[in-house]
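If you scroll down you'll find the structure; I have some questions about it.
Note that the chains take the letters A, B, C, D, E and F in the order they are written out, and that residue 1 is the start of every chain.
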Amino acid sequence: MNHWIIAPVLIPALAGMLLLLEVRERHRLRRLTGLLSCAAMLAVAVFLGDQAWGGEITVYALGNWQAPFGIVLVLDKLSALMVLLTAVLAFPALLYASCGDDRKGANFHALFQFQLMGVNGAFLTGDLFNLFVFFEVLLIASYGLALHGRGPERVKAGLHYVVLNLVGSALFLVALGLVYGTTGTLNMADFAVKAQALTGTDATLLKVAVLMLWVVFGLKAAMFPLYFWLPAAYASATAGVAALFAIMTKVGFYAMVRVYALAFADGPFAGLGQQALWWLALVTLGLACIGVLGAKRLGTLVSYLVVMSVGTLVAALAFGQLQALGPALYYLLHSTLICGGLFLLTDLIARGRGEVADCLQIGPAILNGGRLSLLFFVAAIAVVGLPPLSGFVGKVALLRSVPDPTYWVLLLIAGLCGLVALSRAGSTLFWRTTGEGSGLRPARRHLLSVVGLLLLSPLMAVYAEPLLQLTAAVAEQLRNPDLYLSAVLGGGA
Amino acid sequence: MLETAISIALALITLAWVLNLYRLVIGPSLPDRVLALDTMYINSIALIVVYGIQVDSKLYFEAAMLIALIGFVSTVAVAKYVTRGDIIE
Amino acid sequence: MDSLIEWLVSASVIIGGVFALVGSIGLARLPDFYTRLHGPTKATTLGVGGTIVASLLFFSWQERGLQLHEVLITLFLFITAPVSAHMLAKAAMHRQLKRMKGTRGEPWKQ
Amino acid sequence: MELLVAIIIGVLVASGVYLCLRARTFPVVMGLTLLSYGVNVFLFAMGGLKINQVAVVGMSPDPTDPLPQALVLTAIVIGFAMTAFLVVLALRSQGELHNDHVDGKPDDGGRS
Amino acid sequence: MNLAFVVMLPFLGAFLPPLVERVTGNRTLLACGAAALPALALALLFNPARQVFAGETLHSTLRWIPSLDLSLAFRLDGLALLFALLVLGIGLLVILYARYYLSAKEKAGRFYAYLLLFMGAMLGVVTSDNLLLLVVFWELTSLSSFLLIGFWGHQTGARKGARMAMTVTGMGGLALLAGVLLMGNVVGSFSLQTVLESGDVIRASSWYPVILCLVLLGVFTKSAQFPFHFWLPHAMAAPTPVSAYLHSATMVKAGVFLLARLYPALAGTDLWFMLVSLAGMMTLLWAAFVALFQHDLKGLLAYSTISHLGLITLLFGLNSEMAAVAAVFHIINHATFKASLFMAAGIIDHETGTRDMRRINGLWKYMPYTAVLAMVASAAMAGVPLLNGFLSKEMFFTETLQSEQLGALSWLLPLGATLGGVFSVAYSARFIHDVFFNGEPVNLPKYPPHEPPRYMKVPVEILVALCVAVGVFPAITVAGLLAVAAAATLGGDLPEYHLAIWHGFNLPLVMSFIALFGGIFIYSQRRRLFDLWARLPEVDAKLVFEGRIQQLGRVASAITGRLQNGSLQSYVAWAVTLVAVILLTQMWHLPALSLDVGMLPMDGVAILCTAMLVAAALLTTFLHRHRMTSIMSLSVVGLMVSLLFVRFSAPDLALTQLSVEVVTMLLLMLAMYFLPVRTQVESSSVRVLRDVLLALVVGAGVAVLAFLVMTGETTTISQFFMDNSKSGGGGTNVVNVILVDFRGFDTFGEITVLGVAAMGIYALLKDLNLASAKYDSLGRPWAADAHPLVLVTISRPLLPLALLIAVYIFLRGHNLPGGGFVAGLITSVALVLQYVASGVGWVHSRMPGDYHPVVAMGVLLAGLTGVGSWVFDYPFLTSSFTYVSLPVIGKFELATAMLFDTGVFLTVVGATLLMLANLGKLSLLDDKRENA
Amino acid sequence: MTLLYRVLPYPSLSLILWFTWMLLSGFTAGHAVLGAILAVLLPLGTRPFWPNVPRIRNLPRLLGFVVVVLYDIVVANVSVAIKVLGPLRSIRPGFVELPLELEDDFAIALLASTVSLTPGTVSADVSPDRKTLLVHALDVDDAAALVAEIKQRYERPLKEIFEC
């Protein structure tokens, strides 16, 4: 029996528990534990990716109870991809945080591991209520992480983040209740099958449930009008945490894709809420542009870039028939990694500027700013979508597969806004300086994590073709939900 | 006869509850309200026990026992809050 | 059902209900906190006690054997309820709540 | 009975939502608690209502749906964890921002 | 391969100079190192060039992203060769020139790196054989030019100039991208060859106007065509070698290059003529006019560049093959004379310390040699015979005369052309006269100026020599190159033309002379014109642009601030509104509510209890300002909900809810010590009304949903659990078996949540600085009795009793209501009661106070129980149970689920105590601070 | 004796626990064993939490005391019920100070509880020096008589049970 599927959940869980057992606060040991766990996760994720690429969808029936009665983990190409992405992002983020940020509060490493557990669980589970549980795991850990360290800004942003998500969780439960009340099941595949047969009142109730699910996922993904919490929360979080959070919005997006692909791409409920999703995504994109232009801190700017990527992605999903999903997933990989890297870089810059931190105003020159400015330049090019880095590839791929004028205009404007804002930010941070700074020099591990993440952009551009093929294969598998259904429910589906 | 008696008892206890809620609302002091709440908890024990007889089931006994055992902790906590502010010191 | 048992159970249940109600009437009706504090003791003791006796009789009869575990409820209540009352009295004295006219003696300063 | 439960759910949810929209951390905590009561009852009700049909094998001829109960149990525990976190966060906010406004706005008086 | 390598060479080489700089401080060596790359590239182009001259087009393709039809495809035809030579040749000269221009302090290594990056990008643009690839390089030129223009980033002008250039050209680049993508859609390929062969398809497509506009937007921004010309003068903040390079032969030429490149695909329509020639004409005239009034040496050259680019654009717009040839020719000529002029300007700047022509006068005396070079180049710019500028300008005049595109208004074209010529001569005259003559220099920062270092002049000499050579011997110097380039531009046969100095007396010659003398006349009238100019309102594009950008930022900030106003209330309101909208819109599709459905009968007790629950909920809500009262009524709600669970056959839920209630109350009381006991009225009545409405809609909506589901019929998967609970899970309490077995994974996640919440709370509480109240809410000092005797004494024996009950509840859980969670809560409550009764110090002197390990052990135990099933090759959390018979004791069950439930128990105990005990300790910190 | 003491530091508590367990789980052999194990283990485990609880020295007296208290509860309940339902003007509440002879904390607490359990009186406070118990009585004619009655009916037996 192949137990590896559950490893991405159990490895961080185990590491988290060991970290809790370690009561003597030996920081080196804690760091080592955390990093080893991340490394192991990376290895497992690669292995699982390889397995998923065999084309078979692997189902792991927890407690040996078959779907739809027990909870199953499902490893298909999409979940493998997302787990891999998480692992790739987590390692540098943790490495960065392990340079001292982890000591600014209690239980950082354990929280970090549990966050990963939650994220991986959410990606792997094939059960809707279990998805809720893992959402809560990742949320509660993220609450702790978001508040890690000190400062009133962080507390305020954290409070908003927590309260909104608690409201979201309540809504999630209502939606799940309706799902169970109408279809009598919680397994995603079974749900997809049963949903198709609903009529009359039950069908309407199910519609309400699904629309509510969109709201819940939209809140996690940070879509208009539910993204307002994000900029403050991300901008005020510790750098390593903010970098890891780059994946969090993608969890919401993932959940949308999963549910949509299984149950609503086809059949009687095809396109349920799609129109609304499309317009909300476009508004998100537009408002993110405005946010990027108006940002007064680099951290906020990057946060809006995250929102921008969400708008871009959800619009591509809502455009219809999952035809843009392949490029969207490529873009997702790119934006997650680069935004993560940018959060780290923002912190390095802020450290270098002392008091002024990442405020976009005149400040002291950064000691050895050359390296940072180079990194910033690369990251900006990548995130704005200028050639020759991954952002350009992703954007071109999206433009080609979403032939809609509004989308084109917005996406191009988004690029322009990013360009204007980031060139302004960069010139302020690196050029418009007064005297030598008293800020801190980046540590080697700091630079290593940032470079590690940002280097992925050129790599993703160089290997764009295989990656696009890969994401296209993911999309192809999703376009054919029968594969998933028969894997989970057996041949009968 | 038993059924009637039980119905009457249930009605009496529910009525007691209403009076408790009345005290809880009008107070006037915080100890009054806590006392009302405490009484409600105790009346609930009676209610659960009577309900157990009504439906001829012992499955609800533990709920009543639980209230008897730890229900008072809430009351103690509030009382300590009133006198000391700090309930764990 | 045996009519004697039924009669006994019914009586106990009603006694329980009555005392629960009387306690709550006291709570609602008595003029100051200290006197109101005496109300719930009725619910605690005879109110719950009556229903417990009923339950004891009923299930012992039903199951053809002595069923005593309900007694535990009373046991626990007898342990915990005085503590609540005591703590509430202290709270009231701390708050220097008004006493009804004609109360003899003084509460202690907390 | 179903009507009563629906009314209960409605009132709990409405009260919860209203309190969540208040400006201080305390009512928000109260609101979220009420909301989660409402949601738990809602989730519970999705299995349908049955009286004295506890889902214990061999004890009830027509047992109630146990699954929503299990879900609600999970939801209660998670809800408790979240509430506890929020309460402490409210304290942290009080400690760092010196007031209990959800946006950390300074106010005129603390303990009035 | 070879070709791709040549293009990549500068990119690869870009890493070299910074490295060399680190090794050696020798600037000459550094410059030579940097120059070696273009030199090598030029050498490598030698053979291919011969093939191109022989009429071949060289291709070289590397795979990159086939699924986007984006390949590293390069082509070398005449046009590409021409531009490659300009890019590399002038680049080489600029590097040599920069060796002397840059001061010793400056980071020359970085400069060369940027320059080489730019060179590579430019080379890529001109040799791309794939339109997407062209866009890639196109944007790269914008990016690298941003770095070059902003090289002196400490100067405001440089920063703003760089950003402006980047923003404008970046915008154009995005438009170009869109245009190219559309073109690709129409043609079905991004291959340049295919696109060029599909001109008819493109022009016939309904997308043609859009494509043309988007492409032209790219072209016009890049080539600084009206109305996008404003960025170029401000790019003069760059070091002069950069200007010499970017604004003569490369960056701005990328735009006109694209016109040439796509000529076969896009040209030949009226729209093309209107847009291109109109923009060209406007630019030509306006920039030439403005150039005259620039006092900055480089400013004059910048506007002159814009003007000449306008001329070239105009030529392409004429839709005539001959005009295209002229355009290509002028591209060559402009590159040579303008590069040399910029370099000369740089020398003057370098030697005098200023570029202000009002201060620079009479340099003829101080640097005659440079003066000669500059004057020759200026003359070429003015179109003086025997110099290269004359030849192409003559062709230009000819073409304007021959165009009939404007019909009856066709005479406007030669008129405009002549007028442009006039101003061109005028500003050239100014460049010569005002700088080298016109009296003595005024207040120069460096005085006296002298000739620059010998080798700084070499690049200028070479370029000026080229101007003269082409001007005098066009046929033997440039003709071949022009022919292949023009042929490649037109994508077919060349028209009949003849490069010669003398074409006889004809109208173009007359126009040339009008321009020459008119220009000199205008320059002679400069005082009056300057006065006039000075009276015109001065518009600084940089300020305007910067203002716009800042305004944009402010507006954006304002909009963002509106939406994202930092108010949680509004965020929650948005979310709730969304839900309300969903409910409202879907309600219409629901059937009319009917009470005439199968329901359980109501009874008086239930109705009364419902009424009480509702009342308590409303009380909690409306009394929320009286916080303690609100908490009390919330507790009533909790109690009622527990009883609801009792009523509807869910004793497990009732037990859980009741014990959670108690813990929650402890938590709230702990918190209330630090929080205000009242909330003041803050919400306006409008706000309250809005919130009440939202609450009502959502509440009613959810109630309706609940009612419909409850009264509907759904077959669920539950029967399976009922059937398999005993046989498969070993327990009769199905709810519990679901929790620890069927859906044990949920429970595993759930206890993780609890544990993580406790950890998070611990982290939040650590070092929390909270002042506790010294007086109660009535202003009295707190009571003295911290540990009342009765409470202390009674709570202690209660502990073993409660533990006993916990064990009982735990053990029966699998078969009857109960379980690890409730048992854990009972245990926690009993322990917390000890804290409450006897204090933290007392408790911690009797047991360890760190509950982290307990939480960890709990989750670990649950997890390990799950992992245990791997031994038997079953999935995680597969349960197993067996019945054991012992003498006396009898038969009992052993189940792994029990072990799992023990994990739950431990986690619950650890987590609640971690939360409550640490919250309780908070006040101790405050006391300690007081005492300290 | 020492070994027995080590295993069963509080035999009466262990007995109560065992009996509670049997009540809860039913009188079977298996539960008798399990209950015995728990009755030994739990007091041992929680021993640090209650260092000096007095031993019951007179078990029959204890049983007698329980019967008396239960009887008093029933009687007092009825009389108090009448007062509660009757005219309120007729009741004369008062705080009565009861000088304590008991010295042991646990015994004092038991007395206070007993006073509170019998309707009509609530023990409101114990003086810091543990010499006086403050009792609130719902209707008191003669404070001295009340004090005497409490001392006679409850305090004395308690003293006998615990302190000899």
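Heads up, the rule we're going with is that contacts are C-beta pairs under 8 Å (C-beta built on N, C-alpha and C of every residue); 3 or more make two chains touch, one makes a residue touch a chain.
On a predicted model such as this, the values are computed, not experimentally measured, just so you know.
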item: Shortest path length from chain B to chain F (each step joins two touching chains); value: 2
item: From chain F, the most remote chain by mean C-alpha position; value: E
item: B-C or C-F, whichever has more C-beta pairs in contact; value: B-C
item: Middle chain, criterion being Cα centroid separation; value: A
item: Distance from chain E to chain A - Cα centre to Cα centre, in angstrom; value: 17
item: Chain A-chain C separation of Cα centroids, rounded to whole Å; value: 57
item: Centroid distance [mean C-alpha coordinates] between chain D and chain C, Å; value: 31
item: Whole-Å gap between the CA centroids of chain B and chain E; value: 61
item: Chain D residues counted as touching two or more neighbouring chains; value: 20, 25, 28, 38, 40, 42, 45-47, 51-52, 54, 56, 59, 67, 71, 74, 78, 81-82, 85, 89-90, 92, 96, 102-103
item: Per-residue overlap in chain A, given as positions that touch at least 2 other chains; value: 129, 133, 136, 140, 143, 147, 150, 156, 159-160, 163, 167, 174, 177-178, 180-181, 186
item: Contacts with 2+ other chains: residues of chain C; value: 23, 25, 37, 39, 44, 69, 72, 76, 79-83, 86-87, 90, 94-95, 110
item: Which chain pairs touch, all of them; value: A-D, A-E, B-C, B-D, B-E, C-E, C-F, D-E, E-F
item: Of all residues in chain C, those that touch chain F in their complex; value: 19, 22-23, 25-26, 29-32, 34-35, 37-39, 41-42, 44-46, 49, 68-69, 71-72, 75, 78-79, 81-83, 85-86, 89-90, 93, 99-100, 102-108, 110
item: Chain E contact footprint on chain D (complex, rising order); value: 1-15, 17-31, 33-34, 37-38, 40-42, 44-60, 63-67, 69-74, 76-78, 80-85, 87-92, 94-96, 100, 102-103, 107-112
item: Partner chain D, residues of chain A touching it in the complex; value: 129, 133, 136, 140, 143, 147, 150-152, 155-156, 158-160, 162-163, 166-167, 169-170, 173-174, 176-178, 180-181, 186
item: In the complex, chain B residues that touch chain C; value: 1-2, 4-6, 8-13, 15-17, 19-20, 22-23, 29-32, 34-36, 38-39, 42-43, 45-46, 49-50, 52-53, 56, 58, 61, 64-65, 68-69, 71-72, 75-76, 78-80, 82-83
item: Touching residues (chain side chain C, partner chain B) in the complex; value: 1, 6-7, 9-11, 13-14, 16-18, 20-21, 23-25, 27-28, 33, 36-37, 39-40, 43-44, 47-48, 50-52, 54-55, 58-59, 62, 69-70, 72-74, 76-77, 80-81, 83-84, 87-88, 90-92, 94-95, 97, 110
